[in-house]
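Presented sequentially are two complexes of chain A, the first with chain B as partner and the second with chain C.
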Partner chain A sequence: METAKISGKQLFVLVVLFEMGTALLEGFPVQLKQDAWIAILAGMAGGVLLFLVYYRLFLYYPDLPLTGYVEKIIGKWPGRVIGFIYIIYFAYLAARGLRDFGELLTATIYTNTPIFFLMSILILTITYAIQKGFEVLARVGEIFFAAVYMMAVIGFFLIIFSGLIHLENLKPVLESGWRQIMEVSIRQTMPFPFGEMILFTMILPHLNDQKKAKMICISGIVLSGINITIACIINIATLGTDLFLRSQYPLLSTVSKIQLFNFIERLDVLFMIYVMVAGFIKVAIFYYAAVAGTTGLFKFKNHRQVTFPMGILILVTAMMIASNFAEHIKEGLYIIPVYMHWPLQIYFPCLLLGIAMIRNRKKQKKAPAA
Partner chain B sequence: MSILTKMLKKKQVQRKNDNYRQKLDPSKPEELVIQKDYSANVSRIEEELGHSADLVIRQINIGIVNGALLFIDGIVDGKGISEFVVETLMDKQISSREVDVFQYVMDQTVALGSIKTITNWNDLYNALLSGCTIILLNGYNKAISGETRGGELRSIAEPTQQLAIRGPKDAFTETLRTNTALIRRRIKSPNLWVESMKIGKVSQTDIALLYIKGIAEEEIIQEVKERLQRIDIDAIMDSGYIEQLIEEQTFTSFPTTYHTERPDVVSSQLLEGRVAIIADGSPFVLTVPALFVQFFQAPDDYYSRFDLSTSVRLLRIISFLIALIGPSLYIAATTFHQEMIPTTLAIAIAAQRENVPFPAFVEALIMEVTFEILREAGLRLPRAVGQAVSIVGALVIGQAAVQASIVSPVMVIVVSITAIANFSTPVFAMAIAARLLRFALMVMAALIGFYGIMVGLMIMAIHLCSLRSFGVPYMAPLAPFSGPNQQDVFIRYPFWAFKDRPKFIVKGNVVRTGENQKPKPPKQSSHKSDKLEENES
Partner chain C sequence: MKKLVLVFILIIFSIPILGGCWNQRELTDLALVLAVGIDKGEGDKKYDVTFQVVVPGNVASGQNGGGGQGPPVVVYESSGDSITEASRKATKKIPRRLYYAHTSIVVIGEELAREGIYNILDPMDRDPEFRTTTVVIIAKDKRAEDIISILTNLDKLPMNRFIKTLESAEAMLGENIKLNIDDLIGAITSPGKEPVISGFVLEGSPEKGTSPQNISTTRPPAMVSVDGLGVIRGGKLVGWLNNFHVRGAVWLLNKMKGTEIKFDFEGKKDAVTTTPYLSDTDVSVTFKNGKPFANVDIDTAFKLSEMDTDFDIEDPHKIEELEKKTSDVIKKEVEAAIKEAQKYKADIFGFGERIHKSNPKRWKELKDDWDNQFAKMDYKIQVHSYYRESGVRGKPFWSDMNK
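Then we have the complex of A and B:
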């Protein structure tokens, strides 16, 4: 594993950017109409609970990434198999993020450009970043964080001053009922984006001040959750439930409604910059996790040996996972959560934690005797 | 691969045969010792210097002892030699054989401030060739070297590269000693340490390393020294040589060392814990470690009040961005994102471009390249023809080009703004980076519009974040971000709040400004003015 060390601030920034990432673009549970934001908050609460599980695991093995301590918990070969599954999972999610990004660009701005071209340029950029190492990625994250926040604040005020917000669109609250909201949040908002915190089990060993890990990550999750909620509320308030439900990218529709002084209009650029940054960070972190996992599992000397092949793999996967946008979205909504997110984000980590607890209790009992 | 390595190896073998004798071999001490017979010594010097025309040898006679005075004409202070060496030597006549003539000459005759005894040939040549006067006496196997450096030198002038409206108006010269003196005059602290070394096998250039003991980090000083000592080159013509030999990464267009010709800038950077490197013969002094944000700080920022300097600094950063992405934004907007331009403007641009036969990218490229040519020509051409170029240039990137339908008027505006914006970066090295990367971004914009520009900027950001200057991350204090170190980044804090030295360079001694420096009105003044008003009423 790379010996990079990142500071608490950098980890916080990465968590926030990663969680907000593509969720701001297409993570809204639109079928709940005006209650979507409640499901996001509920998903966030679930995400924090899940993170506590990951955090306990990390406390047992503070120097090892997920793919490393799996071997220690359930034995060498079964552990390696599980580790390999996780690597595939991360690489697959990187490919999904990349595809999301490509689909968005081809659907909105670059309607005539081949998606493969757009995606390959992004993956090349990310490959360059990962070649430079994780510390560089963390520093780039800090710069992007500042850029994103500045844009978000500007965008927020522009929307307010354009007089687009109609809070009555949010009524009636809880029309769909708690039962449905809970269902949606477990199926949709908890695994994506909040459950994806499982990835940070690969990154936490890089943290230089490990005592703060819990606070940093939880506050990161909460901040990003609140941001997504605010974005969701603004979208509903601006677009109305009807358009919110039908719009492919609600945030884009909202941003392009901004019109001030007959001069500030068509601010798709702001949106576009956000898309770039979000896509970059999201894919880069998944990509890095896959690379770091592979390096550790197959005992490569250096993560640079794996980076480029992994990039090509992700690019090809992104091309092949779905034949069109509808298929891609359907997979994301109905198949991935049940067959990938739930087992790998919830069942496995809980199981691992159970075994780890039993094992370590034995050790603790043994320790005083020895 | 193997063929390549073989070729490289062959070359290395060839490179070894230099028949030039750089220094006498210290392992053979007998060759190094100066002979007792002075005339043998003199003829040896004459021979080894190839009877050079500028070597002056003057025979002297001090009573019973014969001797010779040697110096190189032109690099010595001739008046000083004749007054304080030759005259005094001629006055004295020793007749007694008891006296140690050598000691007598050293102690009582030569009226120079700095004087040394030399016993081996290497030191003798070093001294002679750097402007000292050598006195050889018959019967002694040592020589006297008197410090008589001088000759015609450029005097201290105003800076020509980094101008400031307010602030000191002196600039470094080509003489090392003058340059260290300029700094010494500003920092009268015993902690300002000057270390010297010689670099360059042939040129034997004097290099001075300046730092403030107790502020500069020991690690950084050691690192600088190590890198300087590693340099193995025949000559150093300018500090630019050193810059390229000690920087961390060569494949970057961003400067990772800072150079300046202003002694005030160097002094303030020394106080921020940096190390300065002065090379003899170069009016540009290097300071390291250099950071990205540092290249947007102009000396004026500190001499004028903080509100003004902050806004000017922000302006500078914006103009750097314009210089970087100006033409590519134009290309992207006109080729890919016409809907982003307000409708009336879009129609106006389209109308202007109607007669232009080229795509926006080619149009921009023609203009940018033309401008770069003009700029380069303006830099090189003799002063007398300068006028002609500026007239022709104004015609080329101006009305004539538009009338000939080669470019559109908007393009002329874009190019001009970009060019002017590029000049507002205080340090030329950083301006050059923007100038080069602009072309790369233009290509990206021509390929895929805004997406291309964004990708270009992202790659730039990744690259910048991966750079380090002498161990310090280049983008500090932005990435890694550090709140207390934002005192001199985008906003230049007023001096009472400008408390700390940059903590990523200085670790121990960080206090710059003391407590309670905020100016306050005197306590009773409000009373007084009230009373005055009462009286008046």
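Then we have the complex of A and C:
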């Protein structure tokens, strides 16, 4: 375990960037058409509840990452197995993020460049950042945060002044019915991106002022959730439900519609810069969690020993997880939530919390007697 | 020292990557396609596609006289059973790679439009190079290739000329609508709305229009102009709205930016012409006796632009009459437009979409039979027009001469 320390501000920035990440690019539940934004808000509420579970676990063991305290809660060997599963989970999600990034670039601007090449450039950069340590990653996050917010504000005003927003596209509200919206938010928007906060159980021990952890993380989740909701509403209002449904990257379609004074137009580049930032942060944080977990579990002296092999592993996995984009998306929508997100984001942490509570109660009872 | 060498090697290695030359395309290797024309195939292939490609050397202009000899654009023709096939086959004749990012207009031949336009829209919607802000028009009574091949004056590039004509006519006359691929597909896919596409006609001889003669005389032998709105139903062109029908439709779609309205006044025919310049249309669909019923509410401000009869323009009663007559003409045009659309059973005004938004439950019942429901639909039109000014003069100059 690295001894890096990050400030509350840095943690906040990382939470927001991480949560928005690729969700802004392709995390919209488009099948709900004009009601998609409601599902995002519902997913966010679920995400906050889940985070409270993770936070209680963190309170019991404030110095240990998830892979560390699992051993304490359910015993050495079972704990190691679960810890190992989490490491694989993080590495796999890093690979998925990398693949998302590659697929997006090959589909839009680098149409003839091999996806492997694009992904290896990104993973090389991230490997370098992680070699330098987590504090470096946090500082990079701060710079990116400022850049992303500036672009978002500029883009937002340009869209409004281009007269593209047609709020009537949001009607009729709740056409899909609450039942379907809830189903979609549990299956889709709660695990991705909000449930991915499970990852921050690996990072919270690095926080220098641990009392603030709860406020920082929850406000980070809420801010990113509101941002995604706004983006979703703008997309629907600009594109209309039909185009929103058919777009692989709705935000790209929205941004490329900006046309002002016959002069400010074709601003796809704003979107592309965001893709780079989002791809970098999302993959880097997952990647770091996998590296930190491995270092702790297999008792390596230094996380630098693991970084490079893990990078190669993620790159190769990203190449192999799906043979084409359709398969990649299908997996992400139907298989991953049920077999990976739900067990690892909801069932396990709840179970762990239950056991931890019982154990700690025993301890507390014993304490006065002794 | 060792570190320095390493850094140096790293820099050397990053040169090919950072140059961004993976699939570089030099400007001189690209053929910028300005306009694409799509027609029904005359041979054994399904489509004949024409590409208007810019000839860079002949467009450049500047103080040094600029611009070479010869036309600013060249038109290539190709055919295929799919648009992609035609586009790829065209490279047999074109020495450069066709590049679509600057395509601003797609012309569809009337014959093809009548057979259906679904199939030809997909490649343009899908290709990231093709901008979806590209405008779609229909070549009325002609083939798209005729329109595409015409040379024009005032604007060197014919494609610019088409777009600007569309824009100026939309702003001044209100008898057409500039529609891009995105809006077109949006209207086609919405069950409660059908699209309308502006038509272009060719006056004069298509053969002469392609020669430099067409831009070297003050009265070009061939001219392209905006005319009519094509009504699309189920992806097929079913008919045309002309003249005042178009204007009614433009009012209803809330796209009116300016037009002229003339009417009889004090017993004299076409005595007054007014020009509305601000307008807002509010359409709502309610249910009356269980049947859909459209309420159309139009507010517009107009100026007096021409008078051929003498009356006191400062008299409030006369002004009231002016306002009423202007409203009546607009109302008649809108009514005619609705009737015409009902004849084609094509809901080009999006009444169905409005029901969908305000009353999703009723819409579910009506959806399947909407075309027929629309054709039978009842409506009420209310127009309020407001007189603003009469230019810089009050009475006409001849008002005292006649006495």
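Please note the rule applied: the second predicted complex is superposed on the first by the 370 of 370 C-alpha atoms of A that agree within 3 Å, B and C clash if a C-alpha of one lies under 4 Å from a C-alpha of the other, contacts with A are read in each partner's own complex, and residues count from 1 in each chain.
In the analysis below, contacts are C-beta pairs under 8 Å (C-beta built on N, C-alpha and C of every residue); 3 or more make two chains touch, one makes a residue touch a chain.
Since this is a predicted model, take the numbers as computed values, not measurements.
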item	value
Which superposed partner A:110 touches (first chain B, second chain C, both, neither)	both
Partner chain(s) touched by A:121 [first = chain B, second = chain C, both, neither]	both
Touching partner for A:179 - first (chain B), second (chain C), both, neither	neither
Dominant toucher of chain A (residue count), chain B or chain C	B
Chain B versus chain C as contact partner of A:276, first or second or both or neither	first
Partner chain(s) touched by A:299 [first = chain B, second = chain C, both, neither]	neither
Footprint overlap on chain A, comparing chain B with chain C	109-110, 113, 117, 121, 265-266
In the complex with chain C, residue positions of chain A that touch it	107-113, 117, 121, 168, 171-172, 175, 239-240, 242-243, 253, 256-257, 259, 265-266
Chain B contact footprint on chain A (complex, rising order)	7, 9-10, 105, 109-110, 113, 117-118, 121-122, 125, 128-129, 132-133, 136, 138-140, 142-144, 146, 263, 265-266, 268-269, 272-273, 276, 280
Touch list for chain B against partner chain A, complex	337, 339-340, 342, 448-452, 454-455, 458-459, 461-462, 465-466, 473, 475, 478-481
Residue ranges of chain C touching chain A (in the complex, touch as defined)	17, 22-23, 128, 131-133, 182, 185-186, 189-190, 356-360
